[in-house]
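By written order: A, B, C, D, E and F. Residues from 1 in each chain.
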Amino acid sequence: MTKTDEVKRVAQDIKLMRIRGAGKIARAAAEALLTTAQQSKAKSSLSLMKEVETAAKLLLDTRPTAVSLQNSIRRIVNETRIANNRNIKVEKMRQCIVETSTKFIQDSLSAIERIGVIGAGRIEDDDLIMTHCNSATATKVLSTAFANGKHFKVFASETRPRLQGRITAKTLSNLGIPTSLIVDSAIRFFMTKMNKVIVGADAVASNGAVVNKIGTSLMALAAHEARVPFFVTAETYKFSPETVLGQLVKIEERDSSEIILEKELLKMPNVSVRNPAFDVTPPEYIDLIITEKGIIPPQAAIMIIQEEFGSITAEKLEY
Amino acid sequence: MTKTDEVKRVAQDIKLMRIRGAGKIARAAAEALLTTAQQSKAKSSLSLMKEVETAAKLLLDTRPTAVSLQNSIRRIVNETRIANNRNIKVEKMRQCIVETSTKFIQDSLSAIERIGVIGAGRIEDDDLIMTHCNSATATKVLSTAFANGKHFKVFASETRPRLQGRITAKTLSNLGIPTSLIVDSAIRFFMTKMNKVIVGADAVASNGAVVNKIGTSLMALAAHEARVPFFVTAETYKFSPETVLGQLVKIEERDSSEIILEKELLKMPNVSVRNPAFDVTPPEYIDLIITEKGIIPPQAAIMIIQEEFGSITAEKLEY
Amino acid sequence: MTKTDEVKRVAQDIKLMRIRGAGKIARAAAEALLTTAQQSKAKSSLSLMKEVETAAKLLLDTRPTAVSLQNSIRRIVNETRIANNRNIKVEKMRQCIVETSTKFIQDSLSAIERIGVIGAGRIEDDDLIMTHCNSATATKVLSTAFANGKHFKVFASETRPRLQGRITAKTLSNLGIPTSLIVDSAIRFFMTKMNKVIVGADAVASNGAVVNKIGTSLMALAAHEARVPFFVTAETYKFSPETVLGQLVKIEERDSSEIILEKELLKMPNVSVRNPAFDVTPPEYIDLIITEKGIIPPQAAIMIIQEEFGSITAEKLEY
Amino acid sequence: MTKTDEVKRVAQDIKLMRIRGAGKIARAAAEALLTTAQQSKAKSSLSLMKEVETAAKLLLDTRPTAVSLQNSIRRIVNETRIANNRNIKVEKMRQCIVETSTKFIQDSLSAIERIGVIGAGRIEDDDLIMTHCNSATATKVLSTAFANGKHFKVFASETRPRLQGRITAKTLSNLGIPTSLIVDSAIRFFMTKMNKVIVGADAVASNGAVVNKIGTSLMALAAHEARVPFFVTAETYKFSPETVLGQLVKIEERDSSEIILEKELLKMPNVSVRNPAFDVTPPEYIDLIITEKGIIPPQAAIMIIQEEFGSITAEKLEY
Amino acid sequence: MTKTDEVKRVAQDIKLMRIRGAGKIARAAAEALLTTAQQSKAKSSLSLMKEVETAAKLLLDTRPTAVSLQNSIRRIVNETRIANNRNIKVEKMRQCIVETSTKFIQDSLSAIERIGVIGAGRIEDDDLIMTHCNSATATKVLSTAFANGKHFKVFASETRPRLQGRITAKTLSNLGIPTSLIVDSAIRFFMTKMNKVIVGADAVASNGAVVNKIGTSLMALAAHEARVPFFVTAETYKFSPETVLGQLVKIEERDSSEIILEKELLKMPNVSVRNPAFDVTPPEYIDLIITEKGIIPPQAAIMIIQEEFGSITAEKLEY
Amino acid sequence: MTKTDEVKRVAQDIKLMRIRGAGKIARAAAEALLTTAQQSKAKSSLSLMKEVETAAKLLLDTRPTAVSLQNSIRRIVNETRIANNRNIKVEKMRQCIVETSTKFIQDSLSAIERIGVIGAGRIEDDDLIMTHCNSATATKVLSTAFANGKHFKVFASETRPRLQGRITAKTLSNLGIPTSLIVDSAIRFFMTKMNKVIVGADAVASNGAVVNKIGTSLMALAAHEARVPFFVTAETYKFSPETVLGQLVKIEERDSSEIILEKELLKMPNVSVRNPAFDVTPPEYIDLIITEKGIIPPQAAIMIIQEEFGSITAEKLEY
């Protein structure tokens, strides 16, 4: 398989959700760019850069609203361009791309571990903890705390329409963590008994607002009402620098067939289905964001963006 | 079929949810007592009363937490006892029971119509209206308003685990009312666009708190946050006089198989399912309760109880 | 001048706002019906009733959204019909109409006095009190308290567009009450220093919501934010029985010329003016409603309606 | 001892707080009027009434702000006057006073029992319940629930300055109810763990506001913040009819020596002590008021006043 | 005209509001210092610096509470002093002052453009947007979005007492943007229909509180109540470093004649006028502040101050 | 007395609360390490470091939850280690320790002065200011403002169980500042009259939450309810860098004898005492934190930690 095929395949997999989850998408894209560089037959650093840029564009178009994908590609393309500006040889540039991609992937994986360690510090014995959907980092916090000997119980909401909550329940069950599975609409019923909520994030905006699976903001609202601390786990590459410059994180709307069978829907001529994939949790409902670089209040999200992507006063990073 | 068989069959149907919905249960019980009286071979009014009381007890035990069932039976048994105290003949008592039962059923049905008329006055052109589950009275408000020529759209939440929201969507679709079907967790996402929420009630407590399908209080919370008026439709026989005297409305918890297949659950040894059927919406999240006797703020629920069941200072009505 | 001319003149005066204020309109309509009865040459009680009904309709059409006008006319027409049903002579009916009208007018005037007395009990020395627009009852509370020797200061908002706040300021100044005049947008700036707010009402709905001059609900919101008690003064004939049955109090929108000169507006081709005359203050922002029959929390508004207009379970009163 | 001496002694005991607590004061006053009637040597019913009125005035002056005292005396004096209007003989009037007083005392005592029964229905196994000060009715709810076999724990705040919380702790301890004693300032620290709060009342206003021991409104605020249900127990004779007519419940301020020794205070020349005995809990922080006549939301307080003291539209009851 | 005359003229124009608006004042002061330097006949850099300091003091005294004026002058005087410390020649210093002033003016103007571009990214088709007073930056956001092809409508409050809302309405009308003009007291009436609010700022404090035209905080409160996002546009030179060190932004109170004619006021001997020019919007009611350096949550205002004026730990900058 | 004795004595004094208050503890520990260094007979810098580390450990164990103690020792031990890494002579290291310790003590003392100056800028004439417990920095703000000629009054809560509020009252009284002493439960009663609240801090977490004497969060809640600005004074060495990494500030629970005499408690076999020393005030109830480096909103606490302890992305500082 040629490198182009490989990139196309990854792009297709992301598009069709065979690869899904903000972290996995970001790493798959980095991997694809790495492969692009490794398999390239470019004779000049300039043409290698062009090839990488072409692959980058292809990947970006699969999920144009995914912040983690943008940040993954941005990092690699930026380094490629910087390399290009230094007039280096093609081999050197290839090496640079491979290293940058590899580092992104490794950082991304170790960020999950690190968030697990930091977040586990906040779990206490006898905690009742609610979670939503299926987040690698939120699950890592729970598994790390459990491995550290903490005794607690988890309430996992099933997360319609795709029922990822069942995956979470199964994962926790396999680890030995007692878990209760509930329907999404029972969130408020059980919230008053909870001691905390932990969820993941697809993206974090400059004001600390968190984009995550539909229903997250409803859980946050119920937690806020019951004064239950609401924690978000998010690797720093999920923070969106574009939001500093006024760009909104866009919310994808998915197909009706995720909610109801086509043939059932056809029987209801005046019924349409609305199926937004994510919602936005406002910062005032979030107590803390747990990143691999420490715990921050949501209002400090802009500090993370400043550290990761340069001064908040910088121009928009184009690529 | 003997009268006892008939009562047993109705009791069984209620227990197994073949008959369901607060109103239908109440009417089915009234019908069963009516049949009991009609088919009774009792020679004295006292033994007829005993038969009715026995049937009443059987019916009450099927859903011991259903307020509408209690009120339906309470009314008929009370009248039977009053009749008994007047030392009337058995035929006269039979007639009394038939009339009381028939009147309860008719009142219950005309209450739906009346709530439709009163509630329709609050629907305005271009309204976006959210609803939850499948309520006869809430649907009647919508259909009456639509029949009156009002143009509006409805957002129906699917209402896991039993997806009664689809029934609502289908009913509205058949009437020609444009409807959007959404998952329960998307309630907050769409709430800011709504102009009002209308839901039914299984029971109303003396402080105006409303017991209804799980998820109702979450929708009320989201409406409250977005300052969207939240209307409850409830026939007066759903108001609970016992709550005046300190008794709580109990929340039924149903089988796990409603949420996940038994065989799936067996694969998760540390996972249990929690499946409460109802939740309680506090009065501060309810703007108005639409009854067949007029629109009241939830704090006036106790006035309805006083009018329907006698002075709030009365002793608990035993039967 | 014939009686018809007199009714037409009053109707015209109400329409053109030469007679304005909920109380004055109500009394003018009662006066006009009284005159109608006095000057009628009807030979039968039936034709006298018809004349009164015709006059009533004419008057009602001038301000179809004014609750006080409706209640004033409702009372007189109802008594006329009851009289008619008793088959009395025309002179007796005339007398009945004169007495009912006169009583309404007298009750309306003495209600202002009584509200002044009751409300004055809540004014304390050194109070800083904010008010809005120009309400006869709110002013009476202040003047009665001042006459009782209480020392306090008033902040009157100017109440754009018609600046009725200046009339309030002048009235209070003439009484010797120290008053500060402020623009409406300074309400929040001064609110934290206030001890209470007192405003009048054009109408009170069954849930305790108060319809009053545009800006009232903004003042209530600012008072609620600063936890300053918010008092409404309202005669019981301003309570709306129709709202029990689902009818909304409609908000009149007035001419742009109240806000900006026509010639100025013409210079702005893309600018329109929106000029609602009233707004609705929700019951949760109202601490107490002071009526001539006692002080009630807004949630007890429905009790007043029950006492004044019959059981809340009654059908809509048609006339 | 003459009857006058007896009344004077009781008056003195109330004034010096040898008799204290809203219920005990009310019963002591009723007892004193009963004694007055029994020992009176009046020859006419008119002079007996005068004697009773004189005694009433003496008793009222001891704690002019105590609503329960006013209501106790109001009831007896009113009956005496009604008797007087019927031109009955002196013996008949004496009998009437004795019976009214006795009935008040018995009703007052059985109200405590009844509140215990009604309130106990709201206590659940494993409840953590906070209470403040030392209330006969709140304690009765706890002891009744415990006697009914409910298992729960109580957190009693010590209630500075007079530390009545210790009396509560001791009473509960003697009953066998596990209790934690905390300082008043730790209320918020423990509130999130509580399932409910139960406190008594010195007076209830027409809008449902509750006057009770200083610190009650702070506990209510903390409960409201944590969404912990806040229950008030109050006999109906603690409801204040005067508040319907605009009169405020006055807050007594007590001596500095309750807080700090005189000699300590003298060392701080620029320090004064402020020692209010009660505070006012607003109705929006109260979930339910448990009376002997049923559980009501605070907004229905005016219904109790209407039932107990006549129409809310009545003139102030003078005596 | 001598340089002194020129400075005096500008100072006078600022004082008498012939030059007004935070941005225009700041640029006029920079212009005046530039002219001072250009026309100066000083022989030494020291005496040139003294002249500039004298002019600076004169200008500062015209509006001692205007943060933008302070920041404009601070920047130029600081650079002048730094130049002086380097012992440069007079011509060099003159050049330095001219350049610093020119740069401030240019930066100030391009900041408006930049805020327009960044803010326009947040405007969406079909938005209803409320604004208050007449802000150059808020208007620029609207005009840029409109030029970008966005379709939306604006609600402009008239902004008593000086009615600058009419200027905004006229400007938007000329651009072709559909606009509704409303009285300030109708803010809450229309707020529930709005999608966002955009206003300018006179000053921003270290905690993100915004000082702006009286009424702004009332609009923010109404937006907060209705959960409508509230955006503030503010160039970074409007951020106040003094507030970090405990100094409050002072609120100017203006003449009564802005509100009511002197002769009208004279007829009301007990009436005074209170006319604060600005109010303070607390950070919890502000969603985002749009600066020329990016969008920040109000809590990050201190980061802007740190970047613009040095470490937050620095001593107060004296001049 | 040997150096070890000296360290042991200080450790004992801290443990037994003979030395208490976050600042005094921190300075006492620095003093003890200084003495350790001065009196050490170590021959090598390595063994001197070991001695200091041993002393540090001893001191840390006395109050393992005291952030100020940790930060004081951390600073000195870190410098000692850095010195050790540079391979310096023992005398040089001794000098380094002495200087670092001395500087910490001096900085700590001058921080109090500086906070006094900065905070005094926020006190205004006629202010009513509430305070809790006995804080050196909060008192310094008050005394500095008073020395600057500001006229205001203070309400000091007595602060059970140890009544440190009396110390505050006495201190203020001696300075001539009029002060009212109140019980802790009267906080809400007086709060509506206050203009601001000023309290100290034992520790500040990365999200701006403040750990301080039990009752502080209750006062903050009451201030928040009444919209009274709530200020915290805190030296930067009270900010906790560990909280960035997920570690919670632990709350010490103290002996029951602080609340009730042992013999009294023994009479109540079912009563236990709960006596937490501190509580946590959430950042949303805090308006500003006044540090010696400027005033910050609580959300900027993480900026202070970044400045004082290095990047928020740094690993945990071990010692």
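Methods note: a residue touches a chain if its C-beta (ideal position, glycine included) is under 8 Å from a C-beta of that chain, and two chains touch if they have at least 3 such contacts.
From a predicted model like this one, the values you see are computed outputs, not experimental measurements.
Contact with both chain B and chain D is made by A, C. Fitting chain E to chain F on Cα positions gives a rotation angle of 120°, stated in steps of 5. The chain pair with the larger count of C-beta pairs in contact, out of A-D and D-F, is D-F. When the contact pairs of A-B are matched by residue number against B-D, E-F or D-F, more than half turn up again in D-F.
Residue numbering at the chain A/chain F interface overlaps only partly, since under half of the positions present are found in both copies.
Put simply, the C-alpha centre of chain B and that of chain C have 39 angstrom between them.
Between the Cα centres of chain C and chain F there is a gap of 59 Å. Across the assembly, chain B contributes 225, 284, 299, 303 as residues in contact with two or more other chains. Chain contacts in this assembly follow no simple pattern; the graph is neither a line, a ring, a star nor complete.
Those chain pairs judged to touch are A-B, A-D, A-E, A-F, B-C, B-D, B-E, C-D, C-E, C-F, D-F, E-F.
Taken in their complex, chain F has these residues touching chain C: 192, 225-227. Note for the complex: chain A touches chain E at residues 206-208, 243-248, 283-284, 299, 302-303, 306, 311-313. Note for the complex: chain E touches chain C at residues 155, 157-161, 166, 169-170, 172-173, 176-190, 214-215, 217-218, 221-222, 225, 259-260, 264-265, 267-276, 279. Residue ranges of chain C in contact with chain D, taken from their complex: 117-122, 284, 287-288, 290, 293-297, 299-300, 303, 307.
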